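Once you scroll down, you'll see the structures, which are given as structure tokens.
Consider the two complexes below, in which chain A is the common component and chain B and chain C are the respective partners.
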Partner chain A sequence: AVLCISGGLPKPTNITFLSINMRNILQWSPPEGLQGAEVTYTVQYFIYGQKKWLNKSECRNINRTCCDLSVETSDYEHQYYAKVRAIWETNCSKWAETGRFYPFLETQIGPPGIALTTDEKSISIVLMAPEKWKRNPEDSSLSMQQIYSNLKYNVSVYNTKSNRTWSQCVTNHTLVLGWLEPDTLYCVHVVSFVPGPPRLAQPSEKHCVRTLKDQTSALKV
Partner chain B sequence: GLRRCLISMDIHHIEEAFQEIKKTIQAKDTFQNVTILSTSETLHSIKPLDVCCMTKNLLAFYVDKVFKDHRELNPQILRKISSIANSFLYMQKALQQCQEQMQCHCRDEATNATRIIHDNYDQLEVRAAAIKSLGELDIFLAWIDKNNQGTSA
Partner chain C sequence: GQEFQFGPCRVEGVALQELWEAFRAMKDIVQAKDNITSVRLLRKEVLQNVSDTESCYLLRALLKFYLNTVFKNYLDKAADSRIRKSFSTLANNFFVIASKLQPSQEKEMFSISESARRRFLLFQRAFKQLDIQAAQTKAFGEVDILLTWMERFYQ
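Our next item is the complex of A and B:
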């Protein structure tokens, strides 16, 4: 461990977990007044109910102001704390600590995958549930639906011609929007959510598709 | 399972009430190396058949012990805790009907898990135990919510 005068520096600030689909990143801001200085940081984490603070070796004496603790906090039904301190030359700050972090209740649910197909007057939407973060790409996938069986989607549809938007909440993964206008560009975006304590949401990108021209009017010409 | 017994109970408004005081309550709990609910030995091992009994036991634990032992000076926090306590009393009444309809059997698994929780509580000074138990309400509520709409992974 680095020998330094503890408390010689102000603590890092704004220490929080940014969690999306159980990918849990600890992030913080440099201590007040030390932006730009050659400050390094060291992170430790704690599993609530266990006995001691644990080191995160990849986040010892680092320059960046974030640390991926997804592996260490992967049991989403446990609770955790994390702390970080700043080191500059022979001085170091006291630890700055997070509140109790509960991934199961606090992770943001990422947007689903979206596939759109269309005909003249309808659009078919197929949603693919977001996946839980995994350490290695070749690891088996776990859908967030398997963790949150009450996962729902808020589907918003925007008619670019009439400038009207409407939304509907669905639980299943396919829905058909009917009674649409032919030859019209519609844009869709979807937000996943889990009923329960409020949590931040990650909206999807906008997906746009144009309904086909009305074949019957084409034939009359 | 629990669904038949608590169908009318909206857990989410209790979760929201707790969410508003959670950070303050948990910050008062300075013993990070001890838990009361010890989920891996208790709640996580409860089978669907024992959910009703475990819920009944834990509601009683909170109503008869935690809420009574806790002392709170902040009126806003006190109001939230009282609203949560009232919701727990309502859930106890709902479970009472299940009890009468013989749908709330208590097997050893639930009884043993409940004893672990009470033992954990009794090992701490009473005020510290009460504040820690309150700080773990999100665990209990998430467990009820999860068991209320079927099992998931």
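Our next item is the complex of A and C:
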């Protein structure tokens, strides 16, 4: 451990977890008045109900103001604390600590994958549930649907010709939008959500597709 | 509308979203007062792999304990006005749910009710090892764990 005068520096500020699909990143701001100084940081974490603070070796004396604790907080039914302190020359701050972090309740659910196919008057939407973060790409995937059986999607559809938007909430992964106008550009975006405590949402990108021209009117010409 | 289905015990008329919002409003205040972070009352052994039938017995024991021991007198000692509204929302809803849980007392259900009792005793023993006010604060701060478990029975 680094020998330093504790409390010689102000604490880091704004320490929080940013969590999306169980990827849990601890982030903070530099201590007041030390922006730009050669400050380094050290992070520790704690599992609620257990005995000791634990080191995160990859986040000892680091320059950046974030630390990926996804592996250490991967059991989403546990609750956690994390703390960080600043070190500069021979001075170090007291620890700045998060509140109790509960991944199961606090992770943001990322947007689903979206595939659109269209014909003259309808658009078929296929949604693919977002995946839980995984350490290695080769690891087996776990869908967020398997963690949250009540996962739902809010599908918003925008008709670029009429400027009209409507939304509907679906639980299954396929949806057909009917009674549409031919040869019209429609844009869709989808938000995943889980009933329960309010949590931040990650909207999908906008996916646009044009319905086909009306074949019957084409034949009359 | 939505209802809880704890095995044979059905509970209607409770908006779980209200309970979540009530807890969220006071989560940071209450959990910050819990300094004994090395103790978790609602440990995994208490709530994990509970069968539907057993859930009615277990929840009834837990809610009665919350009403009679955790919530009782809590407001007098921790008179933080920001908590008061959340507190009454949770207490009132816990009372409604507990009063509607009527698990079967028949002999053949003894092994299930006994399993639920053992789980509850794990929680109660951990609670009693702490100073009463610290234990009340901790149990109050763990309502999110309890609600998360209850949510699995909400349809």
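Methods note: the second predicted complex is superposed on the first by the 221 of 221 C-alpha atoms of A that agree within 3 Å, B and C clash if a C-alpha of one lies under 4 Å from a C-alpha of the other, contacts with A are read in each partner's own complex, and residues count from 1 in each chain.
Going forward, a contact is a pair of C-beta atoms (placed from the backbone, for glycine too) under 8 Å apart; a residue touches a chain by one contact, two chains touch by 3 or more.
Just so it is clear, the model here is predicted, and its values are computed rather than measured.
Annotation: superposed three-chain arrangement on chain A; chain B versus chain C shows a clash.
In the superposition on chain A, no contact is made by A:H173 with either chain B or chain C. By the touch criterion defined above, A:L142 reaches chain B but does not reach chain C. After overlaying the two complexes on the shared chain, residue contacts for A:K94 are found with neither chain B nor chain C.
Looking at the shared chain after the overlay, A:L105 reaches both chain B and chain C. In the superposed pair of complexes, A:Y48 makes contact with chain B and with chain C alike. Shared-chain residue A:K121: touches no atom of chain B or chain C.
When the two complexes are overlaid, the chain among chain B and chain C that reaches more residues of chain A is B. Common to the chain B-facing and chain C-facing surfaces of chain A are residues 46, 48-51, 77, 79, 81, 99-100, 102, 104-105, 150, 195-198. Contact residues on chain C toward chain A in their complex (touch as defined above): 16-17, 20-21, 23-24, 27-28, 31-32, 37-40, 43-44, 48, 141, 144-145, 147-148, 151, 154. Those residues of chain B that touch chain A in the shared complex are 11-12, 15-16, 18-19, 23, 26-27, 32-35, 38-40, 44, 135, 138-139, 142, 145, 149-153.
Here chain A touches chain C in the complex through residues 46, 48-51, 77, 79, 81, 99-100, 102, 104-105, 150, 195-198, going by the rule given at the top. For chain A in complex with chain B, the touching residues are 46, 48-52, 77-79, 81, 99-100, 102, 104-105, 142, 146-150, 195-198.
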